[in-house]
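Each structure below appears as structure tokens.
Here subunit A shows up in two complexes: once beside subunit B, once beside subunit C.
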Partner chain A sequence: MLELRKDIFADERDDNLKEIGKGTQRQDMLGHVTGTSTYFDDHKLQGMLHLKVLRSPHAHARLRRIDTMEAERSSGVRRIIRGADVPRNLNTLLSLINFGKDDEPSLAVDKVRYKGEPIVAIVADSPREAYEAMSKVRVDYEPLAAVFDVEEALKPGAPVVNEVYPKNTFIYHDVYDHQKLRFGDVERGFAEADHVLEQRYQMSPIEHAPTETNGSIAAPDTNGRYVVYTSTQALFFSLDTCAKILDVPSNTFHFIGGTVGGGFGGKVDTLTEPLAILGAMLTGRPVRYQLGREEEMQFGSPRGAERIYIKDGVMRDGRIVARKIRAYFDSGAYTRLSSYAVVKCVAHLPGPYTIPNVHGDVYCVFTNRTPATAMRGFGVTAMDFALECQMDKLAHLIGIDPMEFRILNAYRDGDMKAHRREAKNTALIECVQVAAEKAKWPLREEVKRMSSRKDGGGSRAAISPTPREPEPQRAVASQQRTTYDRAPPAPIHEPPPTAPPPPPRPQAPSPSHGATRFSSVFGTRRR
Partner chain B sequence: MTKTALQFRHNGRDVALFVDGGVNLLVALRESIGDMTPKFGCGQGGCGACSVLIDGELHLSCLTLAETVNGRSVETLDGLKDGPNLHPLQRAFMEQFAAQCGYCTPGMLMAAKALLDRNPSPTRAEVIEAISGNICRCTGYEPIVNAVLAAASSGRARA
Partner chain C sequence: MAKHRGRGIASINYPIGMNLGGDPSQALVHSNPSGKFTVSLSSIDLGQGMKSVTRQICAETLGVPVEDVYVDTADSDTGPHCMGSFASRGTHRVGNAVMAAAKEARGVMMEAAAEELEVNAADLDTDGRGNIHVKGAPHRSISTKDVAIAAQFKQGKTISGRGIFLVPLSEVNPETGEMSPATCYAHACLVAEVEVDDETGEVAMVRMDSAYELGRALNPRLVEQQLVGGAWMGISHALFETPEPYYPDPAHGPRDFVEYLMPGPGDICPHDIAVLERPAADGPFGAKGPGEMCANPVLPAVANAIFNAVGVRMDELPITPEKVLRAIKAQGGARPQARR
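Right after this comes the complex of A and B.
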């Protein structure tokens, strides 16, 4: 039996790992304060070339002709890269997890769909020579009508932004043009409500503006491999994306990163690596592709803008009885990660509250704006902003303290959420109580005593099975099975399917939700 | 392209190099001398990541033509520590957790050094003013201000 002599390394790590409650120094702090942390651009390689990209000045235009003749002859130019040079010039980031259709070229070929879209890459001896050559590229644009508003983009006759998605919406499961959430009956809820409040919320796109701009340096390595120094936040995600776009095995690349000058979600899109590597492949030299600040702002993807409509039905006693949400995520011209943000958003509805009737429709919409991407809690952040503004307005409307209003409607352990999952490990009430205490916000005694826990706790980490609607029984495939299929043939008469879990049953209100007085306020609302 | 001969003191050592016309000090330091401590953030004087001291005064190296430092003295973060010993500002930044991604840190440290060199006992407001040209997008300004104040008071303790 071979065993690691842990005692040799005993002074390196305390296996007890009692770290909570004390400061622990970052491993990279010495490098940071001495300026020796190596970011991608701190690698200076022999014979390094510089790549700059010609970008579209139009938000939407057909490319009639791209003339690079004069630019090719410009001094210091080593190579001009066009869309036809990219082995697989169509990709979508989440194709790596089998989600979405390839919709975005590395270099535009027939059309540009947003201002700043890359058209031609120029590899030259110096950045200045690359820029000089860029000014000599002639592009004949045919400007097209553009659409910048999510709701305009969904109207009949709106310009088609991206032909891969002709209705200007991302398509889920090849069928659905948006994500839906249905729970209870909102219309009945509104009919019964004492007040109904409908509001519109509009977010702006937000630029991450990392102090270090996106960039990478790719260099030929031994045995036909390439080493890539990169600012990416997602090293293997970027590596795999490059392998797909450049159509080579993923072990062609040795990605080196990890020291990132601020990312916040703006460095997951593999914006620079594919062209830097392609430049290195085509020239046999190290190639550096670093975004300038203006490019970072114009071409580097922001947090997407969202438009959100919320309609709530609320009772005079403070209970929210219905919540209807319609939201549009502005994905820009390509999908990137917005389709996923929408899924996350719908999974978050109706916020951390127990509401018996919920209705959600959220769309991932294409417009002629810079493609949006990840940013710190994307999909949830803007929706939460809208929901919490709405909560304040509702509290004001019925004249109840906004903190108490949240505690009153907070989900508690055992509540059935709109996704038909039982709430577990909830702690909103405790969060509001602590926030109120820190802000010296007076709460009434009985509100201070309320708890998210039901019956004093219990197993908090367990995840209950998701109750499902009964599905119509599928007919057994009747065609002949192929001979190489070794699985036993499906029986003609299927055994009766196991009964689906029952739909959520209304539960008796639990007095342990808090003070008795508040339980009576909830009445039979809780399920 | 015409090259211009250039001599200046870089962190106390004389350096001589040729630069292309129009090259800024940031590029000259990073690409000709190999001092990677000043960082490129915007190239427009907006972020302070490239801050260096020229004859003891704080300057943005991305907006300084390399030729203009001829015969002058340039200090960067690379010259801040004294042999193996960290500068009090560097120690304070470590102790106060005043860096996250680290990219603004070289510029912050130079801005802080410029302040403490001319004003060893700054107020909190003076520290905030002194680093107001340096952007930290990880939003770690509070620990940075604390670190500069801590370095100032440790300097006073030694004096």
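Right after this comes the complex of A and C.
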């Protein structure tokens, strides 16, 4: 049941439009309900071959020897593809926007870094013959110690997952093993707070579980081009990734997408297109590569796990005065998109609330598991879970209604956000008020009259003095540049120097006024 | 042993478009000689309805009926560049590109009509039903079809337009995290009511009430589809899903839908939704995007409702019956909190 509340913010809208605002039937409805919408897999081409990959049974192992002799003689096998056959067998997805270093091969060469990592690809007349040949590939593995916990991975002596990032973290700004957020002085905030609450939250990975698994069909076209039918969510992103890995100009490819059987972020990684095209290049035949359900579920890249620590300082009257967050994104064995999710998460802190002192450290950590990727709510879903559970605990701790607590702390037009931009066009307060009304949740009259458009800005727009931290030595810039037009590497663009933060204020004395200190992190509660 | 009911809330916001910007989308719009328009995109419709939303934006901007617009997507030879369908960017980014392209095409269409009617183009308006008329004199009009024929075969004009939308890429300060992550934000608040069985640890959804602020509901039916479906996904994330049930131990990973659980028809609940519209300054007709954010408030609202019902804090997702039961046992039984 959906109700449009046209009465709210009516003065900001022109509702006299002809097509906008109408519940017009979708353009593709007829195709969907009659089963005639075409998916990539509806393109059955003459002479089409099938590609399957052999995946590692180990989470971390050295590849001593790969023997494909017997597999090559297996019935129906047209071609076996190894890492050495891939023109540029190292890539990172976000090289397209100049973010991060190439760290992931299409087919593993010296080492496998997660259970399920592709090692060789087999192109055969039928899927069955590809699987039969796969059982005849002999791989000599030397198992290595593996690490699965993000905080264990950061300890000295932890197994190195990915040699491109030897400390098991993505590197930000060529210097830091995490992205920082500094706004005001949280320690001073904690010292002033009536209550301090520190908690730990954990989200496990989540699978996109699309009805249609990842897949593509590549076929030689006329004039040396290749046509690629794909389930991708991002046509040019996938096309440019393939052009880079296969080292050909981007106009070699004609990508055709279309109806996607569920994406949710799981069809950005370009998991199948490079090998399908390479198979077509090497055999001269159309090649289909689609993940099976188990592959999609276990090896197709999930929403990554996150571990989040939140420490809040709150006053008896309900104002949150300090919020400190440390979070670890489990990227799995390769970067894919987790490095970018971290920055988005930092931008999201401290949630939709105006808090004068905020401190964030968010890490992208490598472990020996399936690489994580984007999913609906990228970088935000787990943090919202943690923040809103924390909000409920804070309201409970100080004995205030949880709806009222949110309205009291909600950001309003004109407030300063922790990433140092003014809040505009805010509407959290109205959402809470309307949800309360719908749920018949009583709110005090005074709270019902509050507005996102009133009482913001002023002192709420101020940035409290932020203590300076020691700056580490800058390493040599090592980011690569890969542009859409394949231009030569451009100079690394350093962010302009910013005004140094003002000097730190004298340390405030530690609290001695009977503040409640509760910590699930250290398991102690003291008064 | 008993079943306990509880209510929990969560409120959230969500940034629209790729974080930091730098994610362009282009669109091309052209008319055929019968006055039927095609929008050419490389963008992908994932089932969310991007084709339909951009079709309405194009029709509104051109001033023609929606039936006269067809949106062609997902072809790298015919559709100009788009960053992709993710980050809740379809409506905002692609919608703006289509709007710009349609505006340019409308300009040519009005010039062609002005030539046919022998008036100034500034004096003309569209009626949204396929006609162009002189303002204040509806009888002096010409159909868009006749304008298209004249433009093509008589005047030699192409009724077409190009559009791009780009939020320039923001820097990120390494020391402070200062940045411009997004130009607008959607908002939501959701109340979840659950019933917790203290004997089995099972959590049943009773109902949800919510309010979502989305800038402008370009197509309320598509918005409803997103919000209802997204809340289902939120329930699923809160109570059911993970490919690593004992994370960080990778063992016992599910391999199919028998082992990977999701809510079935009996596990969902009534959901009463209100939609608020505070237009974004740079959104197409003020629109933001409901795509990703609609699942987010459900997870914490459910966890908070469980606390209200039985007094245990569930800080690890997913909240399986095993975890709930262990937590209830650890605190020596259910401790229902004040009903609200």
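The rule is short, and it goes like this: the second predicted complex is superposed on the first by the 433 of 527 C-alpha atoms of A that agree within 3 Å, B and C clash if a C-alpha of one lies under 4 Å from a C-alpha of the other, contacts with A are read in each partner's own complex, and residues count from 1 in each chain.
Everything below uses one rule, namely that a contact is a pair of C-beta atoms (placed from the backbone, for glycine too) under 8 Å apart; a residue touches a chain by one contact, two chains touch by 3 or more.
The model shown is predicted, which means the values in this text are computed figures rather than measured ones.
*Asks:* In the superposed model, does subunit B or subunit C contact more residues of subunit A?
*Replies:* Subunit A has more residues touched by C than by the other partner.
*Asks:* For A:221 in the superposed arrangement: first (subunit B), second (subunit C), both or neither?
*Replies:* neither
*Asks:* Tell me the contact category for A:428 with respect to subunit B and subunit C: first, second, both or neither.
*Replies:* second
*Asks:* In the overlay, answer first, second, both or neither for which of subunit B and subunit C A:420 touches.
*Replies:* second
*Asks:* In the superposed arrangement, which partner chain does A:293 touch: subunit B (first), subunit C (second), both, or neither?
*Replies:* Touch status of A:293: both partners.
*Asks:* First (subunit B), second (subunit C), both or neither: which does A:125 touch?
*Replies:* After superposing on A, A:125 lies clear of both subunit B and subunit C.
*Asks:* Is A:262 touching the first partner subunit B, the second partner subunit C, both, or neither of them?
*Replies:* After superposition on chain A, A:262 lies in contact with both partners, subunit B and subunit C.
*Asks:* In the overlay, answer first, second, both or neither for which of subunit B and subunit C A:26 touches.
*Replies:* both
*Asks:* Is A:201 contacted by the first partner subunit B, the second partner subunit C, both or neither?
*Replies:* It touches subunit C, and subunit B stays clear.
*Asks:* According to the stated criteria, A:233 is in contact with first (subunit B), second (subunit C), both, or neither; which is it?
*Replies:* In the superposition, A:233 contacts subunit C only.
*Asks:* After overlaying the two complexes on chain A, where does the subunit B footprint on subunit A coincide with the subunit C footprint?
*Replies:* Touching subunit B and subunit C on subunit A: residues 23, 25-26, 28, 209, 259-264, 293.
*Asks:* Considering only the defined contacts, which subunit C positions touch subunit A in the complex?
*Replies:* Touching subunit A from subunit C are residues 7-15, 19-20, 22, 42-47, 49, 51-52, 55-57, 59-60, 63, 65-66, 70-71, 73-77, 79, 81-87, 128, 171-182, 184-185, 187-191, 209-213, 216-224, 227, 230, 233, 237, 241-245, 247-250, 253-257, 260, 262, 270-281, 285-286, 291-293, 295-297, 299-301, 303-304, 307, 313, 315-318, 340.
*Asks:* Spell out the residues on subunit B that touch subunit A in their complex, using ranges where they run on.
*Replies:* It comes out as residues 20, 30-31, 34, 36-37, 39-44, 46-47, 49, 76-78, 80-81, 86, 90, 93-94, 97, 99, 101-106, 109, 135-138.
*Asks:* Enumerate the contact residues on subunit A facing subunit B in the complex.
*Replies:* It comes out as residues 23, 25-26, 28-39, 41-42, 44, 128, 208-213, 259-264, 290, 292-293.
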